[in-house]
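One chain, chain A, appears in both complexes that follow, with chain B as partner in the first and chain C in the second.
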Partner chain A sequence: MNTTQLDDVIPKPASVLDKARRLLNDFKVWVNLDSGNLTAGQQLAVKYFTVAMILFVAQILFGLLSALQFIYPDFLYGILDFNVNRMVHINAMIVWMLYGFIGSIYWLIEDESGTDIVGLKWANIAFWVLTGAVTLVVLVYLFIQIGPGKDSSLWFINEGREYIEAPRWADLGITAVMLVFSYNVVATFSKGKWSGIAGVLTLDLIALIGLYLAGMFYMTNITHDQYWWWWVIHLWVEATWEVLVGVIMAWSLIKLLGARRKIVQTWLYIEVALMFGSGILGLGHHYFWIGMPEYWLSVGGFFSALEPIPLVAMVVHAIYDSGVHAFKTVNHPALAWVIAHAFGNFFGAGVWGFMHTLPQINLYTHGTQWSASHGHLSFFGAYATINIAFFYLAIQHWRGNVWMAAGTRHAWRWKWALGLLNAGVVGMTVALLIAGYEQSFIERAVEGSTWAGYFAAQNQPSFQHAMNWRMIFGLVTAAGLGLLVWDLLTIGKYEERKAEKIVVH
Partner chain B sequence: MNETPLWASESFWKKTAIWVTAVSFVILIVLTMDSLSQTTAGGKRVPAYAVINKKIDYQFNKELNKSVPVIGEDEFLFGKQMTEQEAAELVDLGKKTAQTRNCMNCHTILGNGAYFAPDLTKAWLDQGWLSKDLREDLMVKFLMNPESNARTFGSNRKMPNLGITEQEARGLVAFLKWMSSIDTNGFPYNFKTIEAEE
Partner chain C sequence: MIEPVALKDFFITFFSSALIILAGAAYALLFAWSKVNAHIGIKIAALASYAVLIASVLELTRAAQFQGYWLIISVAMGVGYFFAPIGIWHLCVKTHEQSVDTPIKTKIQEDEQ
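Presenting the complex of A and B:
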C-alpha cells in the first residue's frame, strides 16, 4: 500500500474535527436551549452541571465494569484491571458531586447575595483549568495506571490512597481552583448582602478546603497516613459535605416551596449544631483498627452513634416544610428528588452507617461488602439526589422558567428515571448487604479472617448470587441514568406555559 | 403567641452551632496530638521499623480478650540484620510501591480499601505462605510474577502483573512484616497465624 492509498483510508484530522463540530451543532439544535435565559453566574453553573453529568455517566460505566469483574474475573484482566476500574468509579463520583456542589453554589449565590458574581472571569478560567486537570488525571489513570515506587509516581501518576488518588500536581491545582471559588463566594456576599445561609456556606467552604490539605502529605507510617487520610474523607462526607447540602437544601426549599427564611435558617443552625456535634468526633469510628489508642473505641462509637440524629432532623425539616405548603411546588421533579434526598440521606448515611458503627460489630464488618453497601446507599442518597434536584431546577430556568408542575409533558420520563435510579441503588445496597453479612459470618467469625477464610467466603453461593444481583441492579441504575440524561435534555422543550410565581408564606 | 421562645429562636441556635462546632474541634485537636504522639514508629503501639529483624506473631490474650502482636527473638528478613535506618528505607520503598501500584483499590490495608482481594493487615502472618522457611521467597516471587505463581483459592481471581521489581518486592515484604506488628486493637478477630500451625 503506498501513501496515497493510505491518505484515502485515514480520515484527515481537519475533516474529523469538522464532523465533530457538525455533530455538536446538530446536538445543540436538537437540545434547543437558550442561554439568554440565564444570568452570567447561572451560565457558569450549568457548565459545572454538564461536566457533572458526564462524570456521573463515567462513574456508572466503570462501576458496571468492576461489578462484572466480580462475576468474570478474567474480563479485561491485564488491560483494565479491577483496581483501575474501581478507582475511576469512586473518583468520578467524588468529582462529579463536587462539580454539582460548586455549580449549585454559583447558581444560588447571585440570588442569595443580590448581586453579580464578583470574579466571574477568574471563575470561568478556574472551570476550564479544573476540567482540563480532571481529564488529564483520568487519562493517566486509564493509560499509564501505575508507576515505580518513587516520589515522582506520587507527583504525576497516582497517590494510591482510596478516594484521593489524584496525583500531587492535581491536588495543588484543585486547591488553587477551590481558592478562586471561595474568594468568589466571600467577595460576592461582601459586595451584596450576607445572610445566615451565606455565613454557614462560607465557613463550611473554608473548612472543606482546609481539610483537603490534610490529605496531601506522604508518610511512611501507615497508621499516621490513615489517620490524616480519614480527616479528609470523613470530615468531608460526614461533616462538611452534609452541611453543604444542608445549605443547598435550605435555599432550595425557599425557592421550590416558598418556605419562610426564618424557619429554614433556624433549621440550618440546628442541623449544623447536630451535624458537627456528632460528626467531628464521630471521625473516631475510622480509628478503631488502624493502630490508634483504645479510647477511640469509646469516642468514635459514642459520637458516630449520634450521627443519624441530624439526618432525622433533615427529614423532618424537608417533610414538614413540604407538608405546610401542601406539597405545592413550581418544580415537581426537583421536589421529588429533594424528598428522595431526605430519605436517602437518613437511610443510607444514617441507618446503614449506624448498623455497623459500634466497635463490637465493626470488628466483624470492617473491610467487608458491608461498607460497600453503606457506601452505595449513602453517597447516592445524600449527595447524588440533591444534585439531581438542582439539575432540574437549573434546566427549568434554562428553558426560560417554564412550567414544571402538574401536567408537565412526558412526565413519565422523570418519574421512571427517579424510580429506576432509586430501585437500582437500593437493590445493589441490599445485595451488597447480604454479601457483607455472609462475609462477616464466614470469613470473620468462623474462619478467622485469613486469606483462606476470605476466599471461602467469596466462593460461597450466597456471596456469588449477591454479586449477580448487584450486577442486575447496577444495570437498572444505568437504565435510570440513561432516562435521566434524556429527560434533562428534553424536559420543558416546547413548553409555552410559564412557571407559577412562588409566594413565600 | 407572638413571641418566639428562646429554644426556637434563630440566634440561640446560631450560637449553639458555633459553640458546639468549636468545642468539638478543639477536642479533636487535643486527641489528635495525643494519638499521633502515641503512634509514632518506635512506640508501644507502632513498633520501630527495625522490628522486621524480629519474629512477629499475633496471639490471643485471654486477659485482654483480644489478639495482640507478640514480638519475639531475632528473625532477620532476607537473612540480614538491618539498622533502623536501613529498615526504615526498605519499609518506605514498600509503602511507596503499595501506593503507586494502587494495591488499595483491590485489597484492604488495615481493613480500608477495596474488597476484591484479601486484607493485607496481617498478610505476613497468613497461613497461605505454607511454611515460615518458604515465606519470604514465595512472597517475593509471587509479587514479581503473580500470574504464574497465583493461588486463587478456587476463586479464579488473579493478581495482575504490576511490573514489581525484586527490590520493590523486598520492600513490600518489609512493609507487610512491619505492619503485622502494629497493635490494631484486636482486628482482625480470631486470626490464626502461620506460627500457630507449627
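Presenting the complex of A and C:
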C-alpha cells in the first residue's frame, strides 16, 4: 500500500476537525438555544452545567462497568480494572456536583448582588483551566493504571487517597481555581450589594477551600492520614456542601416559588446552625475504627443521632408552608426535582445513615456494600437532585423564560426521566442494602473479618443476586439519564408562551 | 466501652434505627398537620407515631446494648424528637409573622386567647 492509498484510508486531521466542527454546528442548530437570553455570568454558568452533564454521563458509564465487573470479575481485567472504574465513577460524581454548584453560584450572583460579575475574564480562564485539568487527570487515571508509589507518582499520577485521588499538581490547580471563584463572589457582592445569602456563601467558600487543603499533605502514619482525610470527605459533604445547597435552594425558592427573602434568609441561618451543630462532630462516626481514642465512639454516636434534626425541621416547615401559602410555580420539572431532593435527602442521609451509624452496629457494617447503599441514595438525594432542578431553571431562561408549568409540550420526557432516575437509584440502593446486610453478617460477624470470610460473603447467592439487581437498576438509571439529557436539550424548544410572573408571598 | 450487637439482634438493630427516623418524621409531619387542620384524628395519629418512636428507641437501647452514659442517647432521642417539631413550629410562626396571609397565625392567636 503506498502513501496515496493510505491517505484514502486514514483521514487527514484537518478534515476530521472540519467534520467535528460541522457536527457541532449542526448540533447547535438542532438545540436552538439563544445565549442572548443570558447575562455574561449565566453564559459562564451554562458552560459549567454542560461539563457537569458530560461528567454525569461519565459517572454512570463507569458505574455500569464497575457493576458489571462484580458479576463478571474477568471483564476488562488488566485493561480497565475495577479499582480504576470505581475511582473514575466516584471522582466524576464529586466533580460534576462541584461543577453544578459552581455554575449555580455564577448563575445567581449577578441577580443577588445587582451588578455584573467582577473578574469575569479570570472566571472564564479558571473554567478552562479546571476543565483541562479534569480531562488530563482522568486520562492519566486511564492510561497509567499501575506504577511505583514514588513522590513523583503522588505529584503527577495519583495521590492515592480514596475519593480525592487527583495528583498534587491538580490539587494546587483546583485550589487556585477555587480562589478565583471566591474572588469573583466576594468582589461582585462588594461592588453590588451584600445579603444574608451572600454572607453565608462567602463564609462557606472559605471553609470549602480551607478544608480541601487538609487532604493535600502526605503523612506516614495511616491514622494521622485518615484523620485529616475525613476532614475533606465528611466536612465537605456534610457541612460545606450542605450549606452550599442551602444557599442555592434559598435563592431558588425566592425565584421558583416567590418565597419572601426575609423568611428564606432566616431559615438559611437556622439550617446552617443545625447542620454545623450536628454535622461537624458527626465526623466522629468516621473515626470509630481508624485508631482514634475511644471517646470518638460516644461523640460520633451522639452527634450522628442529632444529624436527622435538620431533616425533621424540613418536614415541619414544608407542612407549615403548604398550610399557609398557596404557592404556584412556573417551572414544574424544577419543583418536582426539589421535592425529589427532600425525599432523597431524608431517606438517603437520614434513614439509611442512622441505620448503620452507631458504633455497636457500625463495627460490622463500615466499608461494606451497606456504605455504598447509603452513599448512592444520599448523594443522589441530597446533591444530584438539586443540581438537576437548577439545570431546569437555567434551561427555562436560556430559552427566553418560556412556559414550563402545566401543559408543557412533551412533559412525559421530564416525568419519565424523573421516574426512571429515582426508581433506578432506589433500586440500586435496596440491592446494595441486601448485599451489605449479607456481607456484614457473613464476612464480619460470623467469619470475623478474615480473608476467608470476605470470599465466603462474596460467593453467597444473596450477595450475587443483589449485584445482578444492582446492574439492572443501574441500567434503569442510565435510561433515565439518557431521557434527562434529551429533555434538557429539547424542553421549551418550540414554546412560544412566556412564563407567568412569580408573586412574592 | 461499647458492647457490639449480638448476631441474633442484627436485623432488629437496623429496623429499629430506621423506624426511629421514620416515626420521628411521621410524628413531626402529623404534629405540624394537626396545627394546620385541628382534627382530633391527626393529633391521635401524631401521638401514635411518637409511641412507635419510643418503642423503637427502647428496642434499639436493648439490641445495641446501651449502658452507662450511652443511655443519654436514648433519652436525647426520646425527648429531642418530641420537642424538636414543637420548637421548629414556633420558629416557623415567628419567622413568618409579617406574612400577608396568615391563617395559621390567626389560629394560634385564637388558641392563645
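The criterion applied here is as follows: the second predicted complex is superposed on the first by the 490 of 505 C-alpha atoms of A that agree within 3 Å, B and C clash if a C-alpha of one lies under 4 Å from a C-alpha of the other, contacts with A are read in each partner's own complex, and residues count from 1 in each chain.
FYI, contacts are C-beta pairs under 8 Å (C-beta built on N, C-alpha and C of every residue); 3 or more make two chains touch, one makes a residue touch a chain.
On a predicted model such as this, the values are computed, not experimentally measured, just so you know.
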First (chain B), second (chain C), both or neither touched by A:F276: first
Contacts of A:G301 with chain B and chain C, given as first, second, both or neither: second
Which superposed partner A:F441 touches (first chain B, second chain C, both, neither): second
Partner chain in contact with A:W451 - chain B first, chain C second, else both or neither: first
Partner chain(s) touched by A:M355 [first = chain B, second = chain C, both, neither]: second
Contacts of A:L120 with chain B and chain C, given as first, second, both or neither: neither
Chain B versus chain C as contact partner of A:D74, first or second or both or neither: first
Chain B versus chain C as contact partner of A:L489, first or second or both or neither: neither
Chain B versus chain C as contact partner of A:Y320, first or second or both or neither: second
More chain A residues in contact - chain B or chain C: B
Chain B and chain C contact sites that coincide on chain A, given as residue numbers: 262, 266, 270, 294, 297, 363-364, 445
In the complex, chain A residues that touch chain C: 260, 262-263, 266-267, 270, 294, 297-298, 301-302, 305-306, 308-309, 311-313, 315-317, 319-320, 322-325, 346, 350-351, 354-361, 363-364, 437, 440-441, 445-446, 505
In the complex, chain A residues that touch chain B: 66, 69-70, 73-74, 77-78, 81-84, 86-87, 145-151, 153-154, 157-162, 165, 196, 200, 218, 220-227, 262, 265-266, 269-270, 272-273, 276-277, 280-281, 283, 286-297, 299, 363-364, 366-369, 371-372, 439, 444-445, 448-452, 454-456, 458-459
Chain B residues touching chain A - in the complex, by the definition given at the top: 8-10, 13-14, 16-17, 20-21, 24-25, 27-28, 31-32, 34-36, 38-41, 45-46, 49, 88, 91-106, 108-116, 118-119, 121-123, 126-128, 152-158, 160-163, 165, 168, 171, 175, 179, 182-192
Partner chain A, residues of chain C touching it in the complex: 1-5, 7, 10, 13-14, 17-18, 20-22, 24-25, 28-29, 31-33, 35-37, 64-66, 69-70, 72-73, 76-77, 80-81, 84-85, 88-89, 91-93, 95-96, 98-104
